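These are the structures, in structure tokens.
Shared chain: chain A. Partners: chain B in the first complex, chain C in the second.
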Partner chain A sequence: MTDPDMGGTGMTLAAAWGLLPAVLAVGLTALVLGVAFAAVDSVVVSGGRLRSAVEPLRSSLHWLAQQRRTTLAPDRLLWRSGVIAVPVLAVLSLAVVPIGGRTLLSTSADLVWFNAMEALLWAAVWLVGWGPNAVHSLVGAYRFLAQGLAYELPLMFALITAGLGAGSLRTMDIVATQENLWFVVSMPVAFVVFLASAAAFAFWGPFASPAGADIASGVMSELSGVDRLLVQAGRAVVLGAAAAMSVALFLGGGSGPGLPEPVWYLLKTLLVIAVIVSVGRRIPVTRPDRFVEFSWMILIPATLLQALWVALLVLSGFYP
Partner chain B sequence: MVMMNGLRKWVLAQPGVLIVDAPGNDRLRWQVEAEMDRRGWHVALSPADAGLMLTIGTLPPALSQATEVLWSQIPQPRHRQAIARSDVAWQLDAAVAALTTPSAYEANPSDPATQLSQVQAQNTANGSDSGRQGPGHGMDHGDPGVHGMSSHDMGGHSTNAHNVNGHSNHTTDSHSGDDMGGHDGQGMDHVGHSTGSDADHGMDHDDHGMDHSAHSGHDMGGHMHHGGEVAGLEMAGTAADRDGLELDELKVTLGPVLPGWPTGLVLKASMQGDVLTNVSLSWIDGFVPDSVAQRSEPGSAVAALDALATFLLVAGWPVLARQARIARSALSSGNDAERERGQRAAAAVARRVSRSRFLAWSVRGIGDAGPVNSARLPAGDAATYESRTADVLDRVRALAAAAAGDKSPLARVGPERIEFLLEGAELAATRLIVASFVFKPSPALLPNGAVHD
Partner chain C sequence: MMLTSLAIVAVILLGLISVAAGVAVFVVDSMAKATFALLVSFLAVAGILLALELTYLAVVTALMMTIEMAIMAVFMIMFMMNPAGLMPMTMVHNARTSAVAGVVVFAVLVLGIWTIDWPARVGSLPADSTRQLGEAIMSSHMLVMLVIGIGLFATIISGTVLATHRGRYDRFGPDLRTAKPNDPVSGGLR
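Now for the complex of A and B:
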């Protein structure tokens, strides 16, 4: 639809601000979203104590000052690669999320980019679990893959449903199509599945079994110091980025009365974060084996039906 | 400078805590946990996550050895504090203050491997039960420098310092030359082909020990009975799995110290994928009667809440686990109004546990003792929940009923009674099954080190 290189509203963040400031803006946004998610999560876990909101900051500083530990005969190269990849992929997924009404990149396949970053997380988390040469850590890594098998297809169908409605895989086109009616109204299943998958790829809340208490925190169990900081930050940024992406895909982006677009966008993102946390912390962890069954028997058919429904709406000219 | 100190204090004010409680010190542990909840401190899920190690009560010898290994795995800054009295708040203040002193950055007084060997020497010296580790441990270690210490360590955690016979000549001041031996043996279970690549050692082993090269050569040489080792550890061997397929097999030990796990309980098993076979479950050590420890059992509602809090942690429901702990602490207080509040809180937790469809869906059908198997339970338990009910979910609902004030006494089982439920279970199911039971306390340890029921 719009040509990203033509300037005006179709312009990318990189073209509008210059590459370096744009990248910095994305990094800063990642930090803000990650901190926001971690702070809300911390408040909810502590039973609603507002001063717990500073705990993510405190833990981060603590990890910076903490000794890095190692294990006997670790696969150091792969371990460190995985640890670094988690936050890097999280930030990269933000490249196609609108910031101030523009995305850093705008390709004809933004949704594929976003999904690719999540798919690469499979490898990254696997390596984090594999690296330390430790039982619990490895079991955690296996669990992540098993869980990935459960959530990845529903996630792809959910993403593609938003693209289908807009007739484009470009994030800004999807936002523009929702001018009159937010996608969440016509594709609620895709919205919910997308948010649940976000929790799953950050192995958080009900999908935290790869880092479960029953395996001494699994893939996290051997991480201390800056390694722990990187992985925890990556998880928080993934969740924050997914919340922001869900606003673009399903909640009309920055549209809203009165306030400027970025403010609306931020408010909606914070609301989504609050909803994810308050729902996610109300329920126990799912066991991956049971979740796989649920996912293949119920979620995949549900998302397929959702896509079919949206396809019929597209044919009937429901979307502009 | 003042500002930096202030910042350091602030940063270190909310440490992760690893609790090692001696058997019989439940009340003191509850006080510690209540105080931690009040301060917002979290329970460390692994040594990597810990800054403080709190030992509660007088640790029996084998547990105390395991504690040494755990301590060696905790990253600096760290501090350990023995909690022996009930002025818990003051002791926690002291512990967290110690985290900001230079001592929190001191390396181990000796490197971890040396500690292992010392621990082992102590173990031999005090004659504590060294025959528990199952077959294969009494291997032929002719060389006195060879350790064969099998300290498996799941997730850096469930350390279990075993001893092997043939070391009686070691004394507690055994010199650091033993350390490479301690290293090598670590994580190995000489019996099967336990693994180098999969077993975890979780030890900070970085460069420690390397300075002892004068001795290490000797130890390394004396050690390797099997080929194909990595960093002195054997590669995993294969064995037939429960379906008869030839799969990698790893000897694992869970416990004696794990979050959401009764301290002192040790599970040994072969693991293939995450399926456990040849499971044995026992107490690592007896109970040391001292001034603080007590054998009197708390009210059943309080004990049920304690078990529920543990179960909820294992089941991955930390928010509700916290509420169960809060209810437990209110219910065991001396104040009537407070107890009443505790009863309401306990009822609320019980309601959420029994009504959660999500929990039911997630844990139903595992650890199914079945009506037939109830015959295997001791006769005295016949009227109690294990025998009436079958799976983890039923047991947990029974715990919830007890927490809410159902007066029937809590049934307790000996660990060996539930081994049959764990055979062929996955790791996740194993943890849930163990957490769904309340265990009989470990037998008392007599002064001569013998175990007495």
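Now for the complex of A and C:
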């Protein structure tokens, strides 16, 4: 709705703080969100023992010190590219998430940017599975692609529904439109589908079959040392970033009484993380070949109807 | 609009990367490397669009090309004699004719680009190129977008029909009356 002016509240983080501090801030936020997700996940998996919160840090140190093992005739170039791409894409997806009321970049197509970073994960995860020249890892990679075919379209429709409500693809405009009423009220289906898709593109929880125990942890099976740390950290950051994005798209961003905006934003993000983990860890792992049928027969029509409903609300002048 | 010197350098560099990655597609000896060399080439083109401040086109190019290359990896398994290109194999067929065709097309395009008297720019840069693009697609260019969309969709369906050997008669019986489909994979929806 607002013009892409670069002054006042429409200013990007990069313009307000300078590029380097802004990039560092986004990197730090990625780290905080990733650690937060991993810690909550660890606590929930261990059955609520708070001491387990340090487990991700302990594993990270272990992987840092661990010597990297390799396989017979790996495709090293592609393997490393995939391993590095996972965390890089996770951080890049945060570039359009409003942190402290501002996004690092404000493009005229923020939602598509977020979606593109997630789509590039398809290539990255497939490369991680392909690189080591090992069967379980490759099976995991193809499972991820099959899962991708299932979640991608509902995710796109969920994202575009939020954009539709705001009449803009900019995250800042979407947050501004929710001043009176959070989007989760008028587009609950899109909200749930978005969170489920986040779990699916991080192949976590009920969507972890690409790294499933039945195929010796699939795409993760041949990763060791720093490689494993990078991919695990990337997955945690992806989930943290998606939680933060869901707050901007559906839960009114940083709006709330009393506390300053960034605090509200962080609180809501942590709450979403807690909900994703406690619900996600209670659902059994779904098989991609079964989920794809559910997704195409139920989720795609549901998200399309949701988009239609929101389009009618837009035409009736429901949104400011 | 005049490009900043940074944007010009970026366009030249990304253009070189794009061509180099395009050449690599035919040099490498594995299906995976060829696929991802092609993806690098497309991503460099997306970078050029980003440097030209066409953000929507840039990110949508990156998004679509990545998914396209990944789906190509799925199709490699479905159609190839050499599943997933696991073994080294040559990436060129009919090398001489293709080389001649490539050189001729390149020459024609370069000649055209440098000899055509390009019109000067009229109008000014829109405040929001994404909005302008959306308005163009949804109004003056709607017919062509619809035709392309239906054409692509028909291609997808034909590809799937060619790839699968089972149809609705295999699932629901010759008179389509079976209540429960006979699927090779159980579960999912009934």
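FYI, the second predicted complex is superposed on the first by the 315 of 320 C-alpha atoms of A that agree within 3 Å, B and C clash if a C-alpha of one lies under 4 Å from a C-alpha of the other, contacts with A are read in each partner's own complex, and residues count from 1 in each chain.
Just so it is clear, contacts are C-beta pairs under 8 Å (C-beta built on N, C-alpha and C of every residue); 3 or more make two chains touch, one makes a residue touch a chain.
This is a predicted model, so every value here is computed, not measured.
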After the chain A overlay, clash or fit between chain B and chain C?
fit
A:R80 in the overlay: touching chain B, chain C, both, or neither? Say first, second, both or neither.
neither
Figure out whether A:L138 sits in contact with chain B (first) or chain C (second), or with both, or with neither.
both
Please work out whether A:Q66 is in contact with chain B alone, chain C alone, both, or neither, and reply first, second, both or neither.
first
In degrees, to the nearest 10, note the angle that opens at the C-alpha centre of chain A toward the centres of chain B and chain C.
90
Applying the touch criterion given at the start, work out whether A:V112 contacts chain B, chain C, both or neither, answering first, second, both or neither.
second
Mind telling me which of the two, chain B or chain C, contacts the most residues of chain A?
B
Tell me the contact category for A:G148 with respect to chain B and chain C: first, second, both or neither.
second
Contacts for A:L120 in the overlay, against chain B (first) and chain C (second): which applies, first, second, both or neither?
second
So, does A:R290 touch the first partner chain B, the second partner chain C, both, or neither?
both
Chain B to chain C: minimum CA distance in the overlay, Å?
5
Please identify the positions on chain A that touch both chain B and chain C, taking each partner from its own complex.
138, 142, 287, 289-290
Touching residues (chain side chain B, partner chain A) in the complex:
7-8, 10-15, 40, 45-46, 48-49, 51, 73, 75-77, 153-158, 183, 186-187, 196-206, 230-231, 233, 250, 252, 258-260, 271, 273-274, 312-320, 322-323, 356, 358-359, 361-363, 426-428, 431-432
Going by the contact rule at the top, pick out the chain C residues touching chain A in the complex.
30, 32-33, 36, 39, 55-56, 59-60, 62-63, 66-67, 69-71, 73-74, 77, 84, 127-131, 185, 187-189
Chain A residues touching chain C in their complex are 3-4, 75, 77-78, 81, 107-109, 112-113, 115-116, 119-120, 122-123, 126-127, 130, 138, 142, 145-146, 148-149, 152, 169, 287, 289-290, 292-294, 297-298
Sort out for me which residues of chain A touch chain B in the complex.
44-47, 49, 52, 55, 58-59, 61-62, 65-73, 132-139, 142, 206, 208-209, 212-218, 220-225, 228, 281-287, 289-290
